[in-house]
Amino acid sequence: MAKQVNVGLIGYSFMGKAHSHAYKDMSFFFPEAAAVPVMKALCGRNKNNVKAAAAAFGWEGIETDWKKLIRRDDIDLIDVSTPGDSHAEIAIASAEAGKHVFCEKPLANNLAEARAMAAAVKKAKVKSMVAYNYRRVPAVALARQLIDEGRIGKIYHWRAVYLQDWIMDPNFPLVWRLQKEKAGSGPHGDLNAHIIDLARYLVGDIAEVTGMEETFIKERPLVEDINAALGASSGKSRKKGKVTVDDATLFLARFENGAIGSFEATRFAGGRRNGNWFEINGSKGSIAFNLEKMNELQYYNREDEAHIQGFREIIVNEGGAHPYMSHWWPPGHIIGWEHTFVHEVFDLMQAIAGKNKNLHPDFEEGVKDQAVLEAVSESIKNRSWVKVNEV
Amino acid sequence: MAKQVNVGLIGYSFMGKAHSHAYKDMSFFFPEAAAVPVMKALCGRNKNNVKAAAAAFGWEGIETDWKKLIRRDDIDLIDVSTPGDSHAEIAIASAEAGKHVFCEKPLANNLAEARAMAAAVKKAKVKSMVAYNYRRVPAVALARQLIDEGRIGKIYHWRAVYLQDWIMDPNFPLVWRLQKEKAGSGPHGDLNAHIIDLARYLVGDIAEVTGMEETFIKERPLVEDINAALGASSGKSRKKGKVTVDDATLFLARFENGAIGSFEATRFAGGRRNGNWFEINGSKGSIAFNLEKMNELQYYNREDEAHIQGFREIIVNEGGAHPYMSHWWPPGHIIGWEHTFVHEVFDLMQAIAGKNKNLHPDFEEGVKDQAVLEAVSESIKNRSWVKVNEV
Amino acid sequence: MAKQVNVGLIGYSFMGKAHSHAYKDMSFFFPEAAAVPVMKALCGRNKNNVKAAAAAFGWEGIETDWKKLIRRDDIDLIDVSTPGDSHAEIAIASAEAGKHVFCEKPLANNLAEARAMAAAVKKAKVKSMVAYNYRRVPAVALARQLIDEGRIGKIYHWRAVYLQDWIMDPNFPLVWRLQKEKAGSGPHGDLNAHIIDLARYLVGDIAEVTGMEETFIKERPLVEDINAALGASSGKSRKKGKVTVDDATLFLARFENGAIGSFEATRFAGGRRNGNWFEINGSKGSIAFNLEKMNELQYYNREDEAHIQGFREIIVNEGGAHPYMSHWWPPGHIIGWEHTFVHEVFDLMQAIAGKNKNLHPDFEEGVKDQAVLEAVSESIKNRSWVKVNEV
Amino acid sequence: MAKQVNVGLIGYSFMGKAHSHAYKDMSFFFPEAAAVPVMKALCGRNKNNVKAAAAAFGWEGIETDWKKLIRRDDIDLIDVSTPGDSHAEIAIASAEAGKHVFCEKPLANNLAEARAMAAAVKKAKVKSMVAYNYRRVPAVALARQLIDEGRIGKIYHWRAVYLQDWIMDPNFPLVWRLQKEKAGSGPHGDLNAHIIDLARYLVGDIAEVTGMEETFIKERPLVEDINAALGASSGKSRKKGKVTVDDATLFLARFENGAIGSFEATRFAGGRRNGNWFEINGSKGSIAFNLEKMNELQYYNREDEAHIQGFREIIVNEGGAHPYMSHWWPPGHIIGWEHTFVHEVFDLMQAIAGKNKNLHPDFEEGVKDQAVLEAVSESIKNRSWVKVNEV
């Protein structure tokens, strides 16, 4: 009989919806899980909205005060899917209340907070996990497996970009994600965080970095003036405010194992809606991935016979052969983005049930990702290289 | 308040699982649906198995006798996800009992049965739908939209293949799908059925056909001897039986509107796990699709300026722009194969609630698909062209 | 010291230009050839035009009467690059005059002529070659090598299309290629001829066929009225004539070795400028090719480990590894369409010098290709299957 | 009547061969050129070798002393296809002798030399050109055209890599290209030079840079010991020497117009034989290119209607529509790498004949490319940003 894990989720917009669906879907596809989530309570500040969301997503009840939620005895796991500026307070309090904590990425808006969070879960001896969901794309898990199998050899290069384009219109308004005090940063914390975590997962820890950033559109229509903003073509004057985060951040890196890497995050790559691409080149083989084609992995084997060498397109979709896929459909019946969260929840449940000793990335790993983000920011300020272990 | 539609599902293997998940998932993503499915009863012959499946999939109860199921007053919709040889009997009885009927494809194992089914639902004035789920791939729905918008012009060519490879191993055993008396046919009814339905949906009705078929592996290990079969390499002798269905069926076609087409279904295309590809060429544009990359549609506009003409790869994944996608995730966060069934269930629910006057494909359409399948079989027997309206 | 082979080329438009360039280029890239072509004389009916072409292409002299050309003692090889209706007369006379004959494809406009041509070269004991240049795309030669190495195993499927789109505009005029008495046929003889030859080269001889054809645009502006035609948008009435060839021809085939195949040639596939694609599926592997990406070959190995199976994209461009490529540039520095003719000329020179016992395709092979073309035409007339060895 | 331009070419290995072929081929495809090259003399130090090469490539005569060559009255143009350490001396002397100069890239091994070369041709009022041949890939020329047409808008991002893999084997010997005193640098001068030139051609001048480099294999078998080296697997000890150039160099850049960019050159990207890729994102559109698929250009139009947006694959191969292509073959009949040199020679001939006022890149441009290379090297030394106009 599977252990029941009562979940309280804080936040119900994009990520809250994705997490809710994963809790709802997990046991359908992973019936053998040693623990199953129970969708106990959804928490948000606006009662009517959270009520509606709870009904739509299938939560048993709601809370409007997260502090009350974490005091509830019937809650085992707190899921922090709020904006980054509240992660630390909620996660630390949850750990102190003895709850396991599952937190959206990046772990915090700065390194000090992240460290405090990791300390809190360590002290409380609860499970922690950061929701870097792309580790659970089967193609990414396969990439890791190929590396572990020795098929890539010594890694020389990491080359990653995370390209989006949703704010290219200069009349796109000044939402909270474009305000530093709320969002911490722009695509740096939002997108580079993902590819930093992937780089660390697949290549190893990063030793030093140097970066650059740019804000292409320096002012945007205020959100309160959004109706006027959307009526841009009418030629009316509009109030604007200053964009205080990056539109793009790039950096170069040296890994501790001698590999070198490049990273780029931007919201100004027209036509690239969700272009999380990476390539790894090693002494024995290469790997390439693109999130928009997330069921595929490109793999090159330097040791193939010369006349049949080439990148092969593996459709990572087969129960008998590929990570997580025995739970889904027959070969060639692809899965979607949301399923990465189902995999996360399964791994988390197994860990809580004591069946997965290698839950990752935990908050310690989240701290390491955060240190890289921070080192990059410092290098930009200094116009020089910065060692990650010195931030 | 959404109308509740009580569902009884017969069958719980591959398709039963896919349908169950769609019933479970629909209202999460389509909260505005005018009707919602209630997972009332799952039906199968083996009590223990069906019980376990019902628990895993989330059905309220079970039945072991479909006749009993369709007599239940609390059931509004019967979902027929059994093998093809039982479709007609179940669907007709369900209609006569006043239930709406949702039936897996192909509608029946022969045209006479299909016609009787269509007559039954017509007489009973219930809703009917055949589960040709690929009409509900957003990229396919977009293809239809581009055609309706006049972007393709007069259609000249339809070119489709449905390539799989799961029985290429000669030691793959003689499962029921390889036995004519049970399965009706091989990839012809299984895969050509899909691309015939897509062709009719996108291009129009088919006037005449000529085809060929082949069975490459003529004998296979009997299933009762499967253990021996899987120990093939040991060199032990194994009992074999005759394969009585096609391994591949190809045909040429002339559409009523003057377009011409080619179709191929095979289970012997190594490396093509689920290669449902089609291309349409019209006087103004072309379209190409591949199910293994189902979030993408290739579109060529003959009227683009000469120096910028080319097939564009549309990632059919955007709420504001693409069919069904406003219910899912932001651009570039792709969906999977199973979501096509969610779309089917939504459209079916809307129709039952009276909000969708154009539910398709209904059993009448299923009959037309069946007539093409049958005409091809006759053409193979006769080694000549056969008119579809004469079978 | 390389043997000198004096060439007389008849025809100087598209194919004449491509052949001329190959004669000019061959020894630059194949300095070790045992024989080298000497560009002796270019032949055409219009003295001024042929003179200009000879100067531009680098021919020593000209002739305006092919009969005079083939009587010249200083000519060793006649290259027949004229339209199909003159191939037989010229080639037979050339053979009778003791010249080697290199003839454009298809060998003739009908099977009887083709047979007479093959008999003539056989009787005269001269070398013959049909210019099916796609056998000499390195990727195609590699495909053959992979088959010969046993990597594909027993072949089950051949699937080929040759898609073009250059006459889709209904105002494209009624050029000679659209007139049966001059061109013999439309894309059937022009494009199916190529993929039939490739099928026979890679898979084997074809046993029986059944086909269909269509002419989408039945009347077109007369060429004499071309100016009016090009002024189409002005709404002026234009004189039109009947198109007497196919716009598209498709057929199904059974090979003598048990493989089955499909073929399609069309000039109405919008966006496909030169889409000569084929795919082969065998018991051990698969191969796919697209002429517009002619430096690439897709190869799938069914015997790869399960988790790394996938089509690999081989860039067929490496001296040490790929056919013909040691004569060109470093890996990844791709070659173009015209180079296939250089390879043809090299192979032909080697054969004339006695260094290549396996010159192919010779006129015997050209006859076999022609027989398939003719069997398809008969099947279209009869609306039934036709055995190739009975035409 | 076309002007005759007598050419003397110094160097006859890889680049010498490519240039020779271009001189030989140009008038075949560009018969309207206002000037035509005459292959007067090939120059190299080893008399026998240069003689053989001259015969193979079609040069009228040879020289073994370049100083003698440039004194010859019958030479109009000196082509410098030697290693970089001799460019300056030869080019300056040639200009002083009144010859036009066509020089391989990079212009020199350091910026001072490059500047002296530019000054020399300016003073002598002769034509100069640096052989950055990728400007003459039709797809690249089309990229420039799309930018000039305003289709890309304000450019935000340049993202380029030049990936090769030919020295990944640690037993690949210490050839001159791996020795700093001879080659100047590794892939930085060899490959970054190309993508810097493309960036400047397509985006504009570069303001500042910061970079990194790495040498993965620090020692390699000496060339004199090459036989032993190739017998590596025998386990014999081999003498090794130090690799003194980079194996990979990456840098970030800020353009003067506000765009930002990343660059990477490596010889350790397994499976990427000649992966010169770039992507440009602008306010109105995006462009992507890959040299291994050099007949293709990816183009995205942000202003397309929302539901049909996507990157389109333009096959840049059409006479009526695409740069240079009216001289080649029908659409879809692709050209190869070597043809870029034919285009270079044509543009150079037109300039010499006074018909092309915009010959590019001339030595002034070569200096600008060199300054970027040098600024990157300085930034690596300083571990900081370096302004290009301060080197």
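Should a chain be cited, it is by its letter among A, B, C and D, assigned in written order, with residues numbered from 1 in that chain.
The rule is short, and it goes like this: a residue touches a chain if its C-beta (ideal position, glycine included) is under 8 Å from a C-beta of that chain, and two chains touch if they have at least 3 such contacts.
The shown structure was predicted, so the numbers you read here are calculated from the model rather than taken from an experiment.
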Contacts common to subunit B and subunit C (chain labels): A, D
Given subunit B and subunit D, the chains that contact each of them: A, C
Which of A-D and A-C has more C-beta pairs touching across its chains: A-D
Subunit C-subunit D separation of Cα centroids, rounded to whole Å: 36
Centroid spacing, where centroids are CA-atom means, of subunit A and subunit D in whole angstrom: 41
CA centroid of subunit A to CA centroid of subunit C, Å: 54
Of all residues in subunit D, the ones touching two or more other chains: 272, 309-311, 315, 318
For the subunit D and subunit A complex, residues of the former touching the latter: 156-157, 159, 161, 163, 165, 168, 210-212, 214, 216, 247-248, 250-252, 254, 258, 260, 262, 264, 266, 268-272, 279, 281-286, 300, 302, 309-311, 383-385
Parts of subunit C lying in touch with subunit D, wherever the complex brings them together: 14, 18, 20-21, 24-25, 27-28, 31, 56-58, 164, 166, 272-275, 291-295, 315, 317-318, 328-339
Residue ranges of subunit B in contact with subunit D within the complex: 142, 145-146, 151, 299, 301, 306-315, 318, 320-322
